[in-house]
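Both complexes shown next keep chain A, but they swap its partner, so chain B is in the first and chain C is in the second.
On to the complex of A and B.
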């Protein structure tokens, strides 16, 4: 279904783009993604892979809603580029690659799906050609993604040369009857280590995380904590750490907690970014891309509901009850210390480290909340005085950015996600039962 | 034939480094690739040889030519002569001698016919002879250590038909599997190529303001090709 929509969009975009605006394309694509999540299946389809694929496609459709949905007015464009019709096409490519990767049960299909998904995201990262930081970020992401893909390929080549098989089930069967000390086992172990390193590179897990803040933020400068997107990148890195902690124990509770944490983290992260986008549209005298925390000052007075949603999402990331983020962290840490399972002792040191780290990182999220609620706003042109090159541009362009409104669909998406985060505690059984069943299907079918 | 191809590859490789203009270097690089591809085809791995031509000559050298075209290379600063040339000769001598040392010690210990008491030139001749006859014995199934039995024409040799004896050549067997059993991989690879076509177009379209016939004051800013 996704391929059909891809081909039809491919034909429609160049031929009809003077009639159909790009935001319409985005909405059509988000609809087709939502429907494809309802009925689809590739490769080796299990309950687990289909459940996660549904979630992936629905999230893709939510992401598409919040971009490029203002009426196009030529007087608005200073140095910012307008919307691009092929954005939805690239999102479809990424989603196809992602859902193929989830259902792949062979080494070659895993590699092909990773490449498909990564290539589309490389292009997305460098889409704004006029911004030098965006092109630098895209190039850096492409080079590091290529490196990690070649590491994965080296690992798969090692596995194939040691076993002669590429299917996951066959490799599992072979390894379950092999001796631990044999050369086959050691070769496959090295291959799996290399594949693991390549994947960790791709998800920006520490210690392979150095590329992520530059790419997310779009610059190659050093660390600077007053940029919002950089802060969100570091929060992503710490979330990935939690996910890896949940994944490294092979118990049924830990897999359930992994799925639940993944769902919760995706919802919260998507909500943070689309609230940031909405704030960029609404606040006057700023470009559509909010970079600094200072631009968000005194938003509670101007846009109360948006700033409340933003604060809710940030509190959920920090792990404050009764929001959903707290329960996700709790279930991960509980499954890591659970001693009821006969073959599992408890990861005490890791859990204590995770708790301490999440307490420390809560400070950085609360800094944004403090700026939004307790500080008076300064005019935008005073901020960039230290960065000489930008300040002259900003003064002349500050009159060009008129505030535009957030579309209805965008605000519905923000409201729905925020309500899911807040009201999870009243009806947790929907999400928890789904995660439990998916994890059970993996262990006892 | 193998000798001619390997000689051509080595000669072209030397000429890549020593030619004056970068475009001539790229042309000799093409000749290196074609010679090595022919060598591989004669050796029996037909698929790898053909893919050398498609990938290396068709994509990598075209990329090199585009880069050379786009950057302004002053030919005068490339031609090193006099002292600039001779100062690199000791380094080249060192690197070459390291390579030959490795040939004579590491690789020669794997051939049992090299015995002690020979000089450097006989070592070298014996190594070359030993390599070729070893390959002949291993791949072409000949039991005599005779250097004149190198294939002069292209016959599908043992290693070429080893994967699928009924259908013959390596290319044939790979193709018959790729289009039937693993057709899904082919389709995904084609989607990746589709993305590779779309991505440069998306990244390099120019922004042009177009006066559409229907627009009054709200003319749509549209991206079209320049």
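On to the complex of A and C.
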């Protein structure tokens, strides 16, 4: 389904782009992603890769909904602004890469899937071609992404040169042999370590996370951030730590907690960004995005429901009960302190560190909430950017009260995700059972 | 159970559409047919969720039996040896 959509769009873009409106392109791509997810879900509901793939496709569909309904020529980025067909194609390429990566069972297909996904994201980072920060971010991402891809490639080459195998099962079977040659074993180990480092680079796990804030926004730590997207990037890095903690234990419970954490974090993070986009559209009435926390001042007075949605997401990310994020943290920490892992004192240390980091990170989420609810907006404010250059943001009352430009689908997506985050506590068994099932299917199928 | 799922789903659909209008600072009941559509979709979604839950529980029970058998084979067979 996805392949057919991609081919259709590739043909349609050059042939009919003057007749098909950008909105239509967006809706068609969003629909094809949702439909592909629906079909996949019907045929393979108990398989781990299919389950995550369905989720990935639905998330891709929701992301496309939040594209602005503006005439792009009004953008500050000049005439060379991205069109919706480019954006949809890039999202579909990334989604295909992700889907193939989930299902890949061979190091060659794994590498090719990662590259397919990464190339689309490199282009996505530089979508605003006339923007200096976007170009710098894209270049940095491309160079560091290239470095991590090289590490993965070197790792796969080492494994292949030592074993002559590329299939995961075959490599596992070879390594299970008791009297395996120590040279081969060391070579494969080194290869796996290199692939692991490459993956840690890709997911922006500390200490390989330095590229992420620049790519997301444009080098100080999370607590001292006043740029909202950088702050959210640092938050992502800390959540990747939680995910890796769950993954490192490799028990049935930890895999279950990993899947649950991944699902809830994706839902919450997608909602954070689409609410931020909606606030940006409303505040400036152009496809501007919110850059500084200052811009969110007194938004509770101007846009109370959007502010409530944003606060709910931030509280959930901070792990405040009874929101979904709290249960995700609880389940990860519970599985790490389980009696089966009691012999590994390191897990206790990691868990306590994770709890401390969660408490500290709650401070910077609350800082945003404070700005939205308790601080008065300034009509004209100057904010110092990270490199010392002063930038000016106009927040006049007339700008704040401009008519809303958030589309119906966009607001429905925000409402639905917010309701899922808040009401999860009343019927948690559906999601928890699904995660349990997916985790068990990994171990016993 | 299906009745309560339908009612809860319809209420959730209605609530979502009203919240969606509130997000855009529009009257809560603007375009009532959208609310009707939301209620219908909510009812269908809630019923699908109930079916999914029952199926997941069934699959889970099967897998747990399979897991127990695998563990028994692993430990008790070793003891017999």
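We adopt the following convention: the second predicted complex is superposed on the first by the 376 of 445 C-alpha atoms of A that agree within 3 Å, B and C clash if a C-alpha of one lies under 4 Å from a C-alpha of the other, contacts with A are read in each partner's own complex, and residues count from 1 in each chain.
Basically, a contact is a pair of C-beta atoms (placed from the backbone, for glycine too) under 8 Å apart; a residue touches a chain by one contact, two chains touch by 3 or more.
On a predicted model such as this, the values are computed, not experimentally measured, just so you know.
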item: First (chain B), second (chain C), both or neither touched by A:127; value: first
item: First, second, both or neither for A:303, with chain B first and chain C second; value: second
item: Touched partner set for A:108, first chain B, second chain C, both or neither; value: first
item: Touched partner set for A:100, first chain B, second chain C, both or neither; value: first
item: Which of chain B and chain C A:278 touches, first, second, both or neither; value: second
item: Contacts of A:430 with chain B and chain C, given as first, second, both or neither; value: second
item: Touch list for chain B against partner chain A, complex; value: 182, 184-185, 188-189, 191-192, 194-196, 198-199, 202-204, 207, 209-210, 212, 218-223
item: Residues of chain A defined as touching chain C within the complex; value: 45-46, 278, 303, 305-306, 309, 404, 406, 408, 411-412, 414-416, 418-419, 423, 427, 429-430, 433-434, 436-437, 440-441, 443-444
item: In the complex, chain A residues that touch chain B; value: 3, 6, 10, 17-18, 21, 43, 71-74, 77, 81-82, 84-86, 89-90, 93, 96, 100, 108-109, 112-113, 115-116, 119-120, 122-123, 126-127, 129
item: Touching residues (chain side chain C, partner chain A) in the complex; value: 12, 15-17, 19-26, 34, 38, 49, 52-53, 55-57, 59-60, 63-64, 66-67, 70
